[in-house]
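The following pair of complexes shares a single chain, chain A, combined with chain B in the former and chain C in the latter.
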Partner chain A sequence: MVSLLRNQKVRNALLQVLYVGSLAGMVLACVMIARRNLAEQGITSGFDFLFKSTGWDVNFSLLPATANDPYWWYFLIGIVNTLFLGSTGLILATIVGTIVGLARTSSNELARLLGRTYVDIFRNIPLILQVFFWYAVITHLPTPRAAHEAFGILLSSRGLYVPIPNVGGVAFAAAAIALIAAIALPVWLGRTSRLNQPVGERLGIQLTGAAAALACAVVILAVGRLPDLALLDFPALQGLNIKGGLRIPPEFSALAVAIAIYGGSYIAEIVRGGFKAVGKGQMEAAQSLGLSPWRVFTLVRLPLALRAMLPILANQYVWLMKATTMGIAVGFTDFFMIVALTINHSGQTLEAIGILMAGFLAINLSLAAVFNRINKAIALKGNQLRG
Partner chain B sequence: MEMVVVAPPAPGRLEDLRRRFLATPLQALLSLVSLAVMVFLAWKLLNWAVFAAVFTTSGGPVACQAAAGACWSVIAARWRIILFGLYPFEEQWRSALACVSVVVMTVLSCIPAFWTGRRIALVWGAGASLYYVLMKGGVLGLPYVGEEAWGGLALTLFIFVTTCLIGFPLAICLALLRRSDLPWISRTTGLIIDGVRSLPLISILFTFAIVLPFALPQWLQGDKLYRVILGSALFFSAYQAEIVRGGMQGVPSGQEEAAMALGMSYWQRISRIVLPQAMRNALPATINQFVVAFKETSLVVIVGFFEILASGNAAYGTGDWRFAYVEVYAFIALIYFVFVFSLSRYGAYLERRMAVGER
Partner chain C sequence: MNSTLPSGPAVRIEGLDKYYGSFHALRKINLSVERGEKIVICGPSGSGKSTLIRCVNRLEQHNGGRITVLGTELNDDVGNIDGIRREVGMVFQHFNLFPHMTVLENCMIAPMIVRKRPRAEAETTARRFLEKVRIPEQAMKFPGQLSGGQQQRVAIARALCMQPQIMLFDEPTSALDPEMIAEVLDVMVTLASEGMTMICVTHEMGFARRAADRVIFMDGGEIVEQAPPEEFFTSSRNERTRQFLSQVLGH
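Here is the complex of A and B:
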């Protein structure tokens, strides 16, 4: 026996079995104890509860939701809410971050100072404090009767009310896609190698593409329009509350604003790093070829900087996606809050935690996959001399 | 023939300013816009925070609310609850002293003279136990105060320090296990690290605070505060382990091979050769991780702890001070800012200091 233990291979195998076994044993023991404790409270384990109706409401949902809906539908609502808040936050943070990052790399000292002040202030205050702050600001706005008004948009302590077209849900989504295409199509047409025209002479094609997409959007809106109603539904005060229009609740706006400002300060640093990574020689070469400052920026500096910042940006986006879980602090029904509420109401603790982990794993992995794809697509081909 | 090189005349002060800020029309426009934004914001902020602000408590909330600027009276009236939470009033000097001991400990560990494993462990051990004795009492004639009464800044600092104290050694263990030669050990550890990293911290805190009592036998459950600290330490260590591992990868393999050739044992190799060099490589990222950990202590408010953010909510949330939320949040933000900004400046200084050695 002792001689067996002296054998390196046997010892290694034993060590591994011991390590993995003790970890697995601990997890198993926890699960067993939890199941026994839950069974004592009359909760049967298993995923049957997913098909029972919940009996409680969510305060924000993009999908239709009633208290009679089953749990699986609520989890879906949570994921959609998380993705919606996450992507809104990502887009806003990217816009803020790009502006501040460009200010930080600008040749103007005052603009640099301004950008640096922004980053130093907002990066060093915890996100959740900023969420609380913006939530307090919005809920302390005037009541609906004294709401601020501009361009048909109402801002009050109940939230932000914006006009919305009286159009069916499917048609509305289709029109939104057409609008995005109207922006994306000219960009793609300007760069693709599938057209015979030289890259510089495609203005006509680009304009036609954009016009066609816009026309599509208009036709969809006209067809999908709800009969007997004005095309735009303006919010207006009725009694003590505001009726009509689209209401963006304070919880959502507070989270989106906080994520945009806090995330923007991080993205600004990534943008700055990306631009710093572009070799000076490459820019000087472009300048000496006689390119205008704008073309140097769009054709040389920006593409090279984008390649440098994309991997770091992907990590930051994953982090921001996870930051949406702060919704629970102000009562926004994101995925995590739905899970927490499920545990409170149904007691299906283990299953809900499992679903939570699987959900976030799926979100993170798919984000990472998308970014790997983009990264690969824009990577420089062949062997490069760098420096 | 002799060549004479004449330097261009140095620009005068006005010319220098013109070149820096008004070189082209576009630059001039950018300078003007930036200057206008800065002056406007600075004026607004100064006016709100100083010139039009109320600093005394004499008028009470009503007089304060009428002021055009900030109402700092709320801080004067409520600073004790923000900093110390529900800690007994007569004993709050202990809470203050405990905060000071933690700050001194952090400052000491930033001095390079303390950067040996033994000294840093000594400083942190002494600081943490001093904090614990001061806060909890029950010895040396100090009245006993249970954890449930801890709050405010003192609780924030406690969670931060214990998270680092537990998380750091755990991170080194995880990093060593992950780079183990035995495939199953490194794979399982990798799975744990990546799994924890893919989850949001809030969900881990929630699991440890609320779900874990179901899954543990009675004698293992402990206080909710310590379970949450354990969860936060686990999260910290998963990130820190990757930083340590990165640092280890930066150590040339010849170093470890040379140590092996000298006949050093595994522990000697790790503690004398690999870890010291790896920690040096990983130092900037480690400081950054400490900064992140400090900011993330604020998340425990969600599982119901009375740390500085929650005590701030309580300070303005009840009674007459309901309107003064901006001042309270500004005060808390300033406290966080002082801690986090000085830590991150220190990190930047370290990065520069190390870059000198590599030039």
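Here is the complex of A and C:
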């Protein structure tokens, strides 16, 4: 018995059992206490409320929404809004972070100074203050009647209005995928390991690939087009307000900008660290082989830097995803705010919070899982310390 | 291959000066390396050996004097630099393989991109040189999965795949365990016997005896002495050289 307890595997297993057991016990106790308290207050627990209509409106939704819709549909709206805000924020933050991070590693002294100043300022102001700041800036833009206009996009204190194509949802998604393919295909074909052609003679093949994907996108849009409407729905001033197009409310813009700028300052540090981690030796070897500075960057420096950055970047993304819950501070109906409103209106606190936690857990675990897969796939093989 | 080239020395260095800030790392170096000649450079740590050979392929920029490689002068002309780097291979102390590419890809990437060779041809060449450095069976492995000696031989093959006319070696065996040094030196000796122009920074005096045409001793950023190996080892006149030799030869 004693010798069994000294076995490392047995010990670990026992600790696990103890840990999970006590956790389960705690959860069970909480649930039982809560049920008794709720019963005393006359609130029925359970998830029946999901199918009742909400009776209140949301200010922004990518999915169709009316006050008659049931709660479960509203939760879905909340999740889609959170994902939309999160992905917009993450993409923008990555772009900002890459630019600032590269500036910080550049050989140009002014660029380095600007990059450092940026990071020092925006990393040290709490996100919530930045959200309020951008919200104030955006809501002080001109009124719709004096909106700024460029390329059919209108910017006013009521929000950002962008043209949208009058096509069905499925066709829209398919066209978007085709457009992404049009960019990704030439890059993929350009990878040295793909084709037998010398790298310099691939331009034709790459362009053909891009053109084919673009043609697909055009065909999909033409087929999926809604009848009797112009292909693009442009926003325009009608009376005192702007009609048509997709309205992106100031709440969303403020959050997206704040997450981009704040997140960008963290990502810049990750990018800088990643590039610093690339050994000078590998780049010198690439130079000595006669590779051009651009090739040294794309074939050696960037791939190695990405591998150093990705694990930390994944954490940062998960963290920024959680930061979308700041939406409630300015009234953007993200998942968190929908849950808060649900609690106010239905009183189903525990259930709603349970759904909130499960939802965020699912989003962040999937994000982490995707990044883990990528990390595994590109991890350097073997022992890297040797040389 | 060599017949189409302009005549003259492979590398000619005249009055070369190199500063790191205010530190004078190379002082008025004069050195001419003939085609097919094998040079061994030795000298105490910090004497400027690495700096000198790194100037030859412009990994370091010189501040004075002239460097002419295969008839092309190394100056700010990017075309000249690219042209020279294509013809000058380099092997580093720490191998510096690309860890995210297989051994084969390490050897194929530059021929495909710089020399614009088709993939199939680049692969044939790569396999031929991996055979030559005696590790054809490691082609699909990654550098991190090889021993130090194997990695260094891949690094030599990678440089050879560009089919350079000059090879630079910067202490190729100093990061290796003793039992791996021989396998790398063997490859270098073979290369030397095939007539490659080689400039090797190394303290392997055995290699210098077997392969070098000339041994150069550097100290304090200057070439102190140069002579054929036998003469260099037996009848060196210079005090500093003799002191250094007694240290590396261990008596």
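One rule holds for everything that comes next: the second predicted complex is superposed on the first by the 333 of 387 C-alpha atoms of A that agree within 3 Å, B and C clash if a C-alpha of one lies under 4 Å from a C-alpha of the other, contacts with A are read in each partner's own complex, and residues count from 1 in each chain.
To be clear about the criterion, a residue touches a chain if its C-beta (ideal position, glycine included) is under 8 Å from a C-beta of that chain, and two chains touch if they have at least 3 such contacts.
A quick note: this is a predicted structure, and the numbers were derived from the prediction, not measured.
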Which of chain B and chain C A:133 touches, first, second, both or neither: first
Comparing the two partners chain B and chain C, which touches a greater set of residues in chain A: B
Which superposed partner A:12 touches (first chain B, second chain C, both, neither): first
Chain B versus chain C as contact partner of A:91, first or second or both or neither: neither
Touched partner set for A:360, first chain B, second chain C, both or neither: first
Which superposed partner A:322 touches (first chain B, second chain C, both, neither): first
First (chain B), second (chain C), both or neither touched by A:289: second
First, second, both or neither for A:378, with chain B first and chain C second: second
Which of chain B and chain C A:279 touches, first, second, both or neither: second
Residues of chain C touching chain A in the complex: 57, 59, 82, 85-86, 88-90, 92, 94-100, 105, 108-110, 112-114, 116-120, 141-148, 151, 155, 158-159, 162, 175
Touching residues on chain A, where the partner in the complex is chain B: 12, 15-16, 19-20, 23, 30-31, 33-34, 37-38, 106-111, 113-114, 120-121, 123-129, 132-133, 136-137, 140, 322-323, 325-326, 328-329, 336, 339-340, 343, 349, 353, 356-357, 360-361, 364
Chain C contact footprint on chain A (complex, rising order): 192-193, 195-201, 279, 281-282, 284-292, 295, 299-300, 303-304, 307, 378, 380-384, 386-387
Chain B residues touching chain A - in the complex, by the definition given at the top: 20-21, 27, 30-31, 34-35, 37-38, 177, 182-185, 188, 192, 195, 198-203, 206-207, 210-211, 214-217, 295-296, 298-299, 301-302, 309, 313, 323, 325-326, 329, 332-333, 336-337, 340-341, 344
